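Same chain, two partners: chain A is paired with chain B first, then with chain C.
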Partner chain A sequence: MVRTEEMLLNVGPQHPSTHGVFRLVVKIDGEIIQEATPVIGYLHRGTEKLAEDLQYTQIIPYTDRMDYLSAMTNNYVICHAVETLMGLEVPEKAEYLRVMAMELGRIASHLVWFGTYLLDIGATSPFLFAFREREAIINLLNELSGARLTFNYMRVGGVKWDAPEGWIDKVREFIPYMRKELEGYHDLVTGNEIFLNRVKGVGTYTKEDALQYSLSGANLRCTGVNYDLRKEEPYSIYDRFDFDVPTEETGDAFARYQVRMAEMEESLKILEQAVEQFPEEGNILGKVPRVIRPPEGEVYVRIESPRGEIGCYIASDGQKEPYRLKFRRPSFYNLQILPKLLKGENMANLVVILGGIDIVLGEVDG
Partner chain B sequence: MTTEENNKKPREEDAVDQKKRKSNESEKNEIGAQKEGAGDIKSDKRAKSKKERPNMQDKEGPMKQKRPGKKTDVEEHKEEESPSPKEPLLKKYVALIHEHLGENSLEDAYINRASKELPTLIVQPESYFSIARLLKTHQELQFNYLSELHGTDFKEYMEVYVHLYSFARKEHIALKVKLDREKPIIHSLVPLWEGANWPECEAYDLLGIEFKNHPDLKRIFLGEDWEGYPLRKDYEPYDVEV
Partner chain C sequence: MKGLAKGLTYTLKNMTREKATYHYPEEPLPLPDRFRGIQKFYPEKCIVCNQCVNICPTDCITLTGKKHPDPERKGRIIETYNINFEICILCDLCTEVCPTEAIVMTNNFELAEYSRDEFFKDLQWLDENDTNIRKEN
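Coming up: the complex of A and B.
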C-alpha cells in the first residue's frame, strides 16, 4: 500500500486551462481532491463603480469587456434595461440586427468554448477548426460594428451602424457553411471514445443542486430543466422565431457538451429566419433624446447570454448617470458550484469540470 | 500622517478638498460632510435639489415613471390608466405573508411597473429571512430560484435587493430590505440558497453589508487589507483624479 500525504496545490492564476486569471487552491491526497477553494478578483475592474460617473452610452463599451467572448449580449442587456425603464420603442430593423449580432456572437462564444475545452482535454485539432469558423463570424461582426471583439455596437434605442451592403447575404451564406462544419465536429469529436471516457459521468449534479446554486444557461439545461429566457420571457423579437431549447437529463460534462452543440444549431435556425424576415427599409435608431435621462425608478431585466442568465439592474435618480448599476453575471453565479463538484474527484478531472462550466473571467470578476 | 494616508480615509476630508470638488460631486460626499458638522447647509441643499428634480424631469418629456418607494395606490392609478395585471398576485403574496408572519413583517408592497410589472416587497430586517424562507417553501409561492442579490447605498439607508423566480409558477418577485447605513447587518440567505454565497460576499466586499450566519464571508474581489467600501457613495478613491 502506497502512503499518500495531503498536499496544497495552486492552480493558476496563470494557468492556460483556467481561461483567464483564476486561481484554485486545491488540497490533494494522492490524486484525489479533498478540497478546492476558488480565488477570484484578479480581473476586477470595478465596472459598476466606474459606471456611476458615466452616461449610459458611455457605459456600453465597458460591458464589452465583461464577457468578452459574447460582447453583443452584454451590449444588449444594458440597452434593454434603459429602454425598459424609459419605455422606449426600438425600430424593427434595429431589433433584427441586434438578434443577428447576438446569435452570431452566441455561436462564436460556443465555438471558443468547444475549441478550448477539447484543447484542455488533450485534443488539438478541434481547436483549430473551431477558431477557423469563429474567425468567419468575427469578420462578419467586424464588418457590422467595426471591431472584432469589443463591438460597442448597440445603443439605447437601436444600433450604431446599419448592415453594410451585402452583409445579410454573407450571413445567409454562412449558415449552410456552419451547418456543414458542425456536422464535421460531431464526426470528429462527439463519437470519439477517448473524449467520451473523459466527459461521461464526470462533474455530475442534479437538477436540485443546479437550482440551489443559481446555475443558468447550459449548466442548468443539462439537468433537464427546460429554461431559456428567449422562450420564457421573449425579449427583443425572439417570439417571432421558431427554435427549440435543447436539454439533457444526465447533468454531467457530456450533457453540457451536447446542450451547447445543439444550441449552435438552434442559433443557426434563428439566424436563418432572421435573414429571411429582415426588413431592408427602416430606421436603426428609435426616437431617443440626445441626452439619455431615464426617469427616477429602478429596473431589473434578464436575458439569455451564451453562459446563462445575464441581468442588469439600474437604479436611476433621474440623472444622466445611473445612481447604481449592477450586472448579474452568469459566470460569477455558475462558478460557485465548482468546489462541490471537485470534492473527491481525480485531479485529472479538474480541467474537465472547470472547462465544462464555461466561465469567462472578465465576467466573473466584473 | 502622510498625505497618502489622509487620502485613503474617506471620513476625514477637510474643507479645502470640499471646495475643489465639482458641484455635481458635492452631493455624493454629503454624508461625510454631515458627520463633520457642516451638515445644516448641505442638507438644505439636498432638500432643494430633491424638490427641483421632478420639475426638471417634466421638461424632459414623456417620462412617466416615478420613484418606486413612494408610490401609493392612489397616485399609481392617476398616472397609469389600467391597474397592473400583477395586482391580484401581489395581494395574494401580502395576504400570505401577513397570515404567516404577522402584519408588521412587511414595510411596503407595490408593483414596480417600470421593471416589467414586477411585484416588489419591502420587508422589515427582522423578518427578512423568515419571509425569504416562506417565499421559497410555501406551496402557493415556491420561489425556489435566487436570480440575483446585491446591495445599494441609498445614502439614507443601505438596501439589499433580492430577485427570486419560481420555476413551478413562472413568476418573479423582488425582495428588498432597508438597513441602517452605519451598521448594515442582515441574515444571510445561504442556508436557503447556496447561490447567495458569492453575491453576499460581493455586497460585503463593495458595500460593507454584513451577513449573519454566512459560512465564509470574505472580501471576494478586493484584498483583505483594502480600506473602505468602494460602492458606498461617500467612498474616497485612493487617487481622486483617476
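Coming up: the complex of A and C.
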C-alpha cells in the first residue's frame, strides 16, 4: 500500500521567483497546495519609524527605497502630502515634470513586471527585450534626476532640477519607439499558445473578493472594477489629460497581464500630451519656506502607483519632523489574497499566481 | 502554432539590431552630467556652517572646524571632514544645501574596497577626488 503524507515546503526567502526576500511556507499534498503562509519582514527597514526623526526633505530619499521600481510615485506621495498639509502651490512646470517622470516610471515598472513574469513562467527572451527598453527609460530619468533608480527628484513644492536641454525631445522620440516595441511584445508573447495555456483561468478571483481584500491597481481592474485614482480623484494635473482606464472582466492572470500591457499604452498617451503641453517658461519650485514646518494637523493623500493605491498619512505637531508617518503600501495589501488564491492550486502555478500579483518586497516590508 | 511563429519572427528580427550592452570595464560608462557620484570637497571654500551634517538623512558626514589662523580674519575654517561611504546613500542633499558649493558631486561611482574601514573617506581623499566634477550644482 502506498502511503502519502503532507509535506511542508519553504519557497524562499532566497528564491528567484519571489523577486526579493520573501518566504512562502506551503503545505503540499503531492503536487497540490493545501495551505500557503507568506512570511514577510526580511526587508523591513522601519521607514515609518525612521521618518519620525527626519525632516520632511530628508524623508524623500527613504521613500525611493520602498517601491524601488517606481520611486517617482513614492517621491510624489510624500511631497503631495506635505504640500496638502501646508497648502502650498506647485508651479505648473514642476507638475508637468512630475507627471512625465511618474509616467515614465510606470512604464519602466510594468516592463520589469512583464520581463520577470515571463522569466518566471519560463520564457527568457522577453526579459531581455523588456530590460532593453527599460534601460532607455532609466537613461532618461538618469539625465533628469542624476540617479538610475533612487531618484530623490521631487521636493516639497516642486522638483529639484529643470529638464536638461533636449530632454523633452528625447521623451518625444521615445514615445513612438516604445509603441512599436509594445506591438512587438504582443507579437512575441500575447499570441503565444504556451503562454496562454499557462495563464488563462489561473489565479481567478471575483470582483467581490478583490474589494474585500482591498486590492488596488491592476489587481483590482482585472476583475472589471473601473477604479483608477488618476480618474477618480485627479491629483497633480491628471485632469488635463485624455486617457482610458483599461479593465478586464475575467480576473485571472491573463487579465492582469492584459491590463498592465494596456496601461503602458495609456501612459504613453499621457506622456504624449504632457510633452505637447509642456511649458518652456516657469519656475520649478514654488514659494517654500526654508525650513518646512507644516501646521499642526493630519492629512492623508493617495495616488495611483503602478502597483495600486499608495497613500501617505502624516500627523504633524507643528515641528520640523512628522509626529507620525504612515504609508499605505499597495504591494502589502495586494499580497494578502495570495493564500486564498494558492489553496488547491498546482505547485507549478505558484509562480504564475505570485508573479501576477506584482509585488515589490521593499514595499511589502516597508 | 501561429502565435509561436509570430514570436520567433520578432526574435529573429532582433538578432540584427544594435547591441544594447556596453563594454563597461574596458570602456568608461557614458553618464549624464547630473549623475550623482562620490563627492568632491573643497576645503578652502568651506565655512564650517554644518548644514551638510544637519541635512544628511543617514548622518554619514562628520566635520570639525577651527579658528582662522590669521587673527585679523573672522570665521572658522575646516579641520577634519569625513564621509562614511558605508552608509552614504548619495542622495545629493549635502551639495544642495551647501551655500558656498564647497561640496559637489562628481560622476565617479566606483566604490569598491578590500576592507570596510576604507569606506571612511577623509578630507584629503575627498579633496583629491577631482575628476569628472559635475558642472551644475
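Structure notes:
Note that the second predicted complex is superposed on the first by the 362 of 366 C-alpha atoms of A that agree within 3 Å, B and C clash if a C-alpha of one lies under 4 Å from a C-alpha of the other, contacts with A are read in each partner's own complex, and residues count from 1 in each chain.
One rule holds in what follows: a residue touches a chain if its C-beta (ideal position, glycine included) is under 8 Å from a C-beta of that chain, and two chains touch if they have at least 3 such contacts.
Since the model is a prediction, treat every value here as computed from it, not as a measurement.
In the superposition on chain A, no contact is made by A:N197 with either chain B or chain C. Once chain A of one complex is fitted onto chain A of the other, the partner contacts of A:E135 are limited to chain C, with no touch recorded for chain B. Residue contacts after overlaying the shared chain place A:P295 against chain B, while chain C stays out of touching range.
After overlaying the two complexes on the shared chain, residue contacts for A:D187 are found with chain C alone; chain B is out of touch. Counting residues of chain A touched by each partner, chain B versus chain C, the larger count belongs to B.
Using the contact criterion defined above for the overlaid structures, shared-chain residue A:Q14 touches neither chain B nor chain C, since it reaches no partner. By the touch criterion defined above, A:Q277 reaches neither chain B nor chain C.
Legend: residue contacts after superposition of the two complexes on their common chain; A:T206 is shown touching neither chain B nor chain C. Shared interface residues of chain A, touching chain B in one complex and chain C in the other, do not exist. In the complex of the two chains, the chain A residues touching chain C come out as 54-55, 57-59, 61-62, 125, 129, 132, 135, 139, 142-147, 150, 152, 160-161, 164, 184, 187-194, 196. Across the complex, chain C meets chain A through its residues 1-4, 6-7, 9-11, 13-14, 20, 31-36, 55-57, 89-93, 96, 105, 136.
Contacts from chain B toward chain A in the complex involve residues 53-54, 56-57, 60-68, 112, 114-116, 118, 144-148, 150, 152-154, 161, 163, 167, 170, 174, 193-199, 202, 206, 220-222, 230-231.
Residues of chain A touching chain B in their complex: 40-41, 44, 46, 48-49, 84-87, 211-215, 225, 227, 232-233, 289, 293-302, 309, 311, 313, 315, 317-318, 323-324, 326, 328, 332-333, 335-337, 365-366.
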